[in-house]
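Structure incoming, see below.
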Amino acid sequence: MFKEMHNLFQWAWLIPFLPFLSFFIIAFITKRSKGLSAAISILAILTSLCLSIGIGIGVISSGAEVVENPVMSTVNWLSIGGLQINFGTLIDPMSAMMLFVVTLVASMVQIYSLGYMHGDKGFSRYFCYQSLFAFSMLGLVLSTNLLEMYVFWELVGLCSYLLIGFWYFKVSAREAAKKAFVTTRVADVGLLIGIVLLYTKFGSLDFYGPGSLSAQMASGFQDFALIGSVSYLTVMALLVFIGPMGKSGQFPFHVWLPDAMEGPTPVSALIHAATMVVAGVYLVARMFFLFDNASPVALEFVAIIGSFTAIFAATIAIAQDDIKKILAYSTLSQLGYMMFALGVGALTASMFHLMTHAFFKALMFLGAGSVIHALHEKQNIWDMGGLYKKMPITTITFGIGVLAIAGIPPFAGFFSKDEILASAMHSGHPFIYAIGLFTAFLTAFYMCRLFFVAFLGEEKPENHPHESPKTMTVPLIILAFFSVVGGWAALPDHNFAYFIHYGVFEPEAMDWGLAAISVAAGLIGIGLAYSIYVKKAIKAEDVVARFPGVYKLLKNKYYIDEIYQWVIDKIIDGFIAKVLYWFDIYIIDGIVNSLALLVRGTGSGLRRFTTGQLQTYALVFFFAVVVFYIVLAVGEGQLAGLNPLAMLGGVK
Amino acid sequence: MTISVGLSTYLLVGAMLFCIGLYGVFSKRNVIAVLMSIELMLNAVNLNFVAFSRFTPWENQGINPLVGQVSALFVIVVAAAEIAVGLALVITIFRNRKTTNVDDLNWLKW
Amino acid sequence: MSNSFILLMTLLAPVLALFIIVFIPREETKMIKIVAAIGTFAALALSVFLFFAYDKSVGGLQFTMTIPWIRDIGVNLGLGVDGISLPMLLLTNLIGFTAVYSSWNIDKRVKDFFVLLLILITGVMGTFIATDLFIFFLCYEIVVIPIYIMVIIWGSTKRVSKEYAGMKLTIYLLIGSAFMLVAMVALYLNASHQLAVLGQGPTFMFAELAQLQYDPSFQIIVFGLFLFGFGSLISMFPFHSWSPDGYAGAPTAVSMIHAGVLKKIGGYGLIRLGVLVLPLGGRFWAPIIAVLAIINILYAAFIAMAQKDLKYVVGYSSVSHMGNVLLAIAALNITSINGAVAMMFAHGVMAALFFSMIGFIYEKTHTRNIGDLGGLAHQMPRLATGFMIAGMAGLGLPGTVNFIAEFTIFNGVAKVMPVQAILGIVGIIFTAVYTLRVIANVLFGPRRAEWDHLKDIRGPELVPVVVLVFVIFATGIFPNTLFHLIDSGVYTSGLAKVLETVGQATIGGLF
Amino acid sequence: MMNLNFALLTPEIIMAVLSLGLLVIGLLIPPGERKGMFPLTVFALLGTLAYTFYDFFFIQRGAFLQGMYMHDQFAVYFKILFLTGALLVVLSSKDYVSTFPAHRGEFYPLIMAATLGMMIMAGASDLITMYVGLELMTITFFVLVAYRTNDGKASEAAIKYLVLSSASSAILLYGISLIYGLTGSTQMFMIAQALGTVQSPVTVLAVVFLLAGFGFKISLIPFHLWAPDIYEGAPTPVTAFLAVGSKAAGFAALIRFYLLMMYSQTFAQTGQTLLLILAAITMIVGNLTAIPQTNIKRMLAYSSIAQAGYMLIGVIAVSTPSVSNFIGGIKAVLFYAMIYVFANMGAFAVATHVEQAQGSCDIKDFAGLSKRSPLAAVVMTASVLSLAGIPPLAGFVGKFYLFSAVMDQGYVWIAYVGFVMSMISVYYYLGVVKAMFRTEGEGLPNIPVHGATKFTILFTFITTLVLGIYPTPLAQMAISAATSLVK
Amino acid sequence: MSTMATVVFFIFAIIAVAAAWGVVTSTNIVHSALFLALSFLGVAVLYVLLNAEFLAAAQILVYAGAVSILVIFAVMLTLRGDVAVSNPNTNKWTWGVCVAGLLFALIALVILTNDAWRILPMPSTAGGTTELSALLLSWYMVPFEVAAFLLTIALIGAVILAKGGKERK
């Protein structure tokens, strides 16, 4: 069985290649025809989806073999003295899961976009970028080594840049795109440094296989202290982790993600909720062996950053009014969840949450998109209200999403979130567990706030919402389905953990006690939101009035953006760059110019020696003769011969 | 003690003439005077040549002592040619610039 | 060894075009442009042929031609390419060819322009394919004066006047070359004394010069002189200040060639002449070069952020990128030298594309001030695409050859100088910042009515975009096409052996 | 006993006869029909030149009157140089001559007389012969400089030249007289023998005096002050001839004299250092002072001062008495002197053309020349760049020879000065280039070149270019000339 | 050497030098010219003392005769204003004194410290005009011819210059 599957897995490169082909065709051939471009793109991604499903089935049917031995097929990409890099595909359960998630969400989003982007001037361009993104993301998923992953990592960053700035005529979109790219770029520098240094040490960047990083670390690699008492591997782990922090929007690199909502909503759904942003989590999962071999500091760091981001973003989300911003902060918070899951060593839980989150967050974004589409680009939840009447499908599917994220059984989020919290508790991180639990409560609260205000609240007369076309609702329904059933993969008989785990597989039973606590937290959140926004038992304004400072702080996202802006404007642009430019013009160039001036000035001065006076010339001439004689006589030691006393010899 | 005139005395006279001529070149404002001073200098050189020729002690080395006189003769010829052209030039410049004053010859400078 | 004349043909193709143009009447501008295009295309075609015909498994100098030239001092008319010079040759002709098309809209003194441009291209090409030091210098200095003339006629006056910019560029490079000449003569004399002992005549051939042993202190001094000369050329801090001004003043084609290839002569010379012939000198200077290179990378990137003129941005960015090349040379190992050569190629293509696009923007809008531009993607999407690809290549996006070059460099550098490598990588951030700012402010943003009359690039104007973008991606996606060649060059030119011996002394393990 | 092979003197005799003959012809034919003078002169010079080439390659080296007058490749090389210079001057001055107020017929014979003087200087191995040759050249130049007899500037230049030159001759002669006093001879070989290696204050004094005399002719700083004024005031073709001919003749004499001192004296160390410093100062001051000049002739004058500095380097390179090094330095000077002729003549021919067409010769008169007379602009550019030593023009190879010769002697610092200064010289040369190319010279007439001028500038241009790319033939000639000197 | 000759030497040497001094100090250009002739005569006598009778004759003919007359003619032709102040000093004359004095000191020092030159004349047989002419026309043939040529050229040149540009417009 495995053998045949092995052959199948070797064709995995087709999965990213098809979207790439589609990108190519759209960019160079069919750009003028909107329909054709969209058709090609969707056809390509659907074919990839089918292939991914095939691979997924193959992985499941291969069972233990593929779990233990990831299937790699590689070709040489770069081979020079001191540097060998292969490119290829890596099939293991994790990548198969990701393939499925990515292709599924991407297909849904692309189909959805048919309706959402209808009539847009850049329709073909949109699908062109979408295909490029699909290619990059799938390539990232299938990467066999760090460099390959970095390549695609950057490419998804590029796609994100292009798609956030899709409406490039909007200044806000332009700025958001730039911000996203620069922020992730900053973080990627850490990753790149890590890659470069890892390569110089290990001579390989492969994840698995003979001579790979994991193999070398597993087989008695001697770690050593590098900076102070921090060990080499720890430093590497931290460096590598900086990249994911940027891409997955972990504090302090989270600033770009909310702004990225300037892009078309389907893009937010695909890239900034379901797929690209989880690439960071995926990378950490892939490199988990590094974190594991490093000192515990590395994983602690991941856990702390993750948990902090989770609660930090959740608190901000409470005070936001923009539907997409709320979802964005929610995404940040959930990404924090995944990160700290990894930090506490729960790779399985993290990956699981990654998957379920992809379904329900994509669902909610698309739902939000549907609403925005219906309300003609209105995004403030307080401008909405009563949408359930006109948009039943959207409302129901969105509601499923809300329940899923709130961790209400049997929806997908319940299983994954619970598993994370349980892992945190069991691995001996009660504090992080507490944060996670509180975040779960907050999550339930603000999501329900959104849902209640936007969908259930009072109808606004100026709005004339209508249900979205089929192209948009069908993907919603499909995603809603997965948001419901996705979590069931964790059930013992489906055994998600058997396929995706790190180290020795230990089946873990559900801890129903902890599950009950987290469900309770979710329910309390929902209840609170209900009482405030539906029952109006507690006036939101009163709460705000009681904590004006806190509200303002949350509303303004802790002023992080402002601080960054200040640093960039005042320190980097306003001071360092200006000072250096000044230095360059007036000091470096000044030296050059003053040398030139000196030369010219000397010339102008020297010409004054040529006075035009004949007798001056003669004087100089003969004076020079005298001087030369003296110089020569001194130099040749003939001065003694000139002793005037010699004259006393007199005339003979 | 009799005072005898040796080679160095002649040379000293030559040097004096030369330097007086040189001084004339430096200090005279009239171009003709400058030319005259130059003639003095050349004359001094001639005196040198002739003196060396007379006192030359290498007669028995197969060196013709008259070379100095020949040289002096050439110098006289060249000096004559030079002064002729020079005076012609003075006339030219007088015609063009209405001056023979060296200080005024400063159109060309810097 | 039999002589191959294909390189001579490559070299003479533009010269032939030049002679034809001289006899075309001044008014026949179209004809002049076509002849120039044909001449450069012939050279490009030949160099592409060479690129694929070169036998990488054998390596070494191929297609050599050695004709005794100035017998009394042992100069040979030596031409030949190896894996280091062949990419440079290809680069030269790529840029030469596209430069002709980037200048397609020139209407002022067309004949003069293309004559000078062809001289320029020939000179640069000769520099890279010369196997004789004398010919190398000869060709290098040929290019300086045409550049000056082109700047003062077709240049533009911005922050500084074009006369000033041209003169600064020219004198700066010439002063640099003065010191190189001293070094060259010293090297030649030293070698000829050694050869005289062996009973051989003097020579200027790189290969023979490299085989002799030089006194360490001699090497240090001579390498230092070369470093000053080539360092000025590659715009090493603090000798870089000619570069942004020069590019800003120069017409498009000159900026393209200057930033694209001429600058690379500095790096090429440091490798071919500095490291290969004077390895001990290289080892002595390497730490200093490394520090200056880091300054180059960060300092120039910072300054680029403060620029308001497009050409200044790219000018400073090229200074910054050349820091990478210098850093790679300072690292003195096989990987980094590979990266250095690749970086020169990559940056050449990228800078040429960038300048070409800026040239079109300037030609159409008559401004290069970033503040005055905006939203050009509306009116000129093709130009915007080219511009953006250039920008993305500039910030080392994977998929472009620039990324691989940078990665290779950092990899090589990290082996010996991890801290410098980290600082170098940090430079990427600032590159991203200024590049993205420029892209955002020039291409994106609200549509501006004042640019509505502009026509997108089309016809001949598209050639630079198509050719250069193709090269960027083709070598970026399949790096081995380029890197195998460079690698074979590094190994078979003797560089690898030199680097191994010299490198031993600097490698102190990681950290 | 006496070697009286007059055949060895053929070029000199031809020149003398031709010069006098042309004078007579000029007197005989009526003033209106003197057009024929030009072709006659050209063919006479060409014939002589052809003969000297034959002389160079096929006639054995020999001494006339047992070493009073040398006929060696060295001398013949310089004769070729002078004749080429004279020929180019004559060719380029065809139109210019018609602007002379009078005596146009005598111009060419005088040029030939000056050439004869130079030839005598190059051949003389007797100090008195050399002196007489020098004076022949110089006195002729007095007349030539003042040839625009109604031009105050020309007269001023001539009188300055006359006074200073005579003063320098006087001191040169004083030096010769001292040498004569020491050795009893004026013949170089005998002087060398007699002086031996002994040195005394007198020898030093004589050397300094002679150096001053020759330094004046080659316009070595600080004996150079005459040059700018005279170059500016003289008619442009005469300036050209002064720059190329007079200077080269000075070098021919200086080299012979220097070798003499080398063989006979141990004065090498200080003398060389002094000369090196002088050469350095000459290069620096010459080039720097040229920068602010606005008159092209004056600028070229300063440039030619600087060029003297470069050439002097080659002379200094003849330091240690081993044959190979001798050749290195002398070859370099010979090579450079020849290419200097072509480069300078190219520049001056264009300047002559512009001055003749526009009446003055300031750099601003060259504005837009690239449009108004493209060929002239290109040739001017090539010529000045050759002077600056930019490849692929001949000046580069020349400088390379010079500096490699001196560096071989261990004087590296002078090479720095030389190379850096030649690059700085590009600054002012480019000033001319800028004037010619930057604008299109609105309001100035189109002045295309024709006929003899066109031929001259094309010839100089092509020669400069070809010798820059393939210098071997000239280098071989220079080598054999240098070898003949030390044999 | 006889005392007589010594006395004659000193008289005429002093005359020559004093007259030369007169040339450069007189403010009357005509006086200068006359002093010049006198100085030449003094030197001519010294030539006789040095057994160079031919040269003495040439000196008198060429210098004292021709050159002096020529100079006086030139003075006549160019004289403007008062003849008594026709030959003033420039304002650089102090410098002139310094440099000329320095040079003289130098030369004098060199001459006087040279032992080899502190010699008295030997009885000399050489010095006849015949021998001189033989030398002139054999060994010094080349410069002799060139000098002749030089005189011709100088003649023509002087004519060209003096005649000026009035031949035709």
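In order of appearance the chains are A, B, C, D and E, and numbering begins at 1 in each one.
Definition applied: a residue touches a chain if its C-beta (ideal position, glycine included) is under 8 Å from a C-beta of that chain, and two chains touch if they have at least 3 such contacts.
The structure displayed is predicted, hence computed values, not measured ones.
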| item | value |
| --- | --- |
| Graph distance between subunit B and subunit C, where chains that touch are linked | 2 |
| Chains in simultaneous contact with subunit A and subunit B | D, E |
| More contacts between chains, A-C or D-E | A-C |
| Chain occupying the most central position, where position means C-alpha average | C |
| Chain centre separation in whole Å, for subunit D relative to subunit B (CA means) | 27 |
| Subunit B and subunit E: spacing of chain centres that average the CA atoms, whole Å | 5 |
| Rounded Å distance between subunit C and subunit D, as computed from the means of their C-alpha atoms | 42 |
| For subunit A paired with subunit E, centre-to-centre distance based on mean C-alpha positions, whole Å | 100 |
| Overlap residues in subunit C, where contacts from two or more other chains coincide | 171 |
| Touching two or more other chains - residue numbers and ranges from subunit E | 90, 92, 95-96, 99-100, 103, 106-107, 109-114, 117-120, 139-140, 143, 147, 150, 153-154, 157-158, 160-161, 164 |
| Multi-partner residues of subunit A (each touching 2 or more other chains) | 607, 610, 612-616, 618-619, 622, 625, 629, 641-642, 651-652 |
| Touching pairs - complete list by chain label | A-B, A-C, A-D, A-E, B-D, B-E, C-D, D-E |
| Of subunit E, residues touching subunit D in the complex | 106-107, 109-111, 113-114, 117, 138-143, 145-147, 149-150, 152-154, 156-158, 160-161, 163-168 |
| Touch list for subunit B against partner subunit A, complex | 4, 6, 8-9, 22, 25-27, 34, 102-103, 105-110 |
| Subunit A to subunit E touching residues, read off their complex | 613, 615-616, 619, 622-623, 625-626, 629-630, 641-644, 646-647, 649-652 |
| Parts of subunit C lying in touch with subunit A, wherever the complex brings them together | 168, 171-172, 237-238, 240-242, 245, 299, 302-303, 305-307, 333-335, 338, 375, 377-378, 392, 395, 397-399, 403-404, 407-408, 410-412, 414-415, 418, 421-422, 425-426, 428-429, 432-433, 436-437, 439-440, 443-447, 479-480, 483-484, 486-487, 490-491, 496, 510-511 |
| Residue ranges of subunit D in contact with subunit E within the complex | 2, 9, 16, 19-20, 23, 31, 64-65, 68-69, 100-103, 106, 110, 113, 116-117, 120, 124, 126, 128-129, 131-133, 135-136, 139-140, 142-143, 146-150, 158, 181, 200-202, 205 |
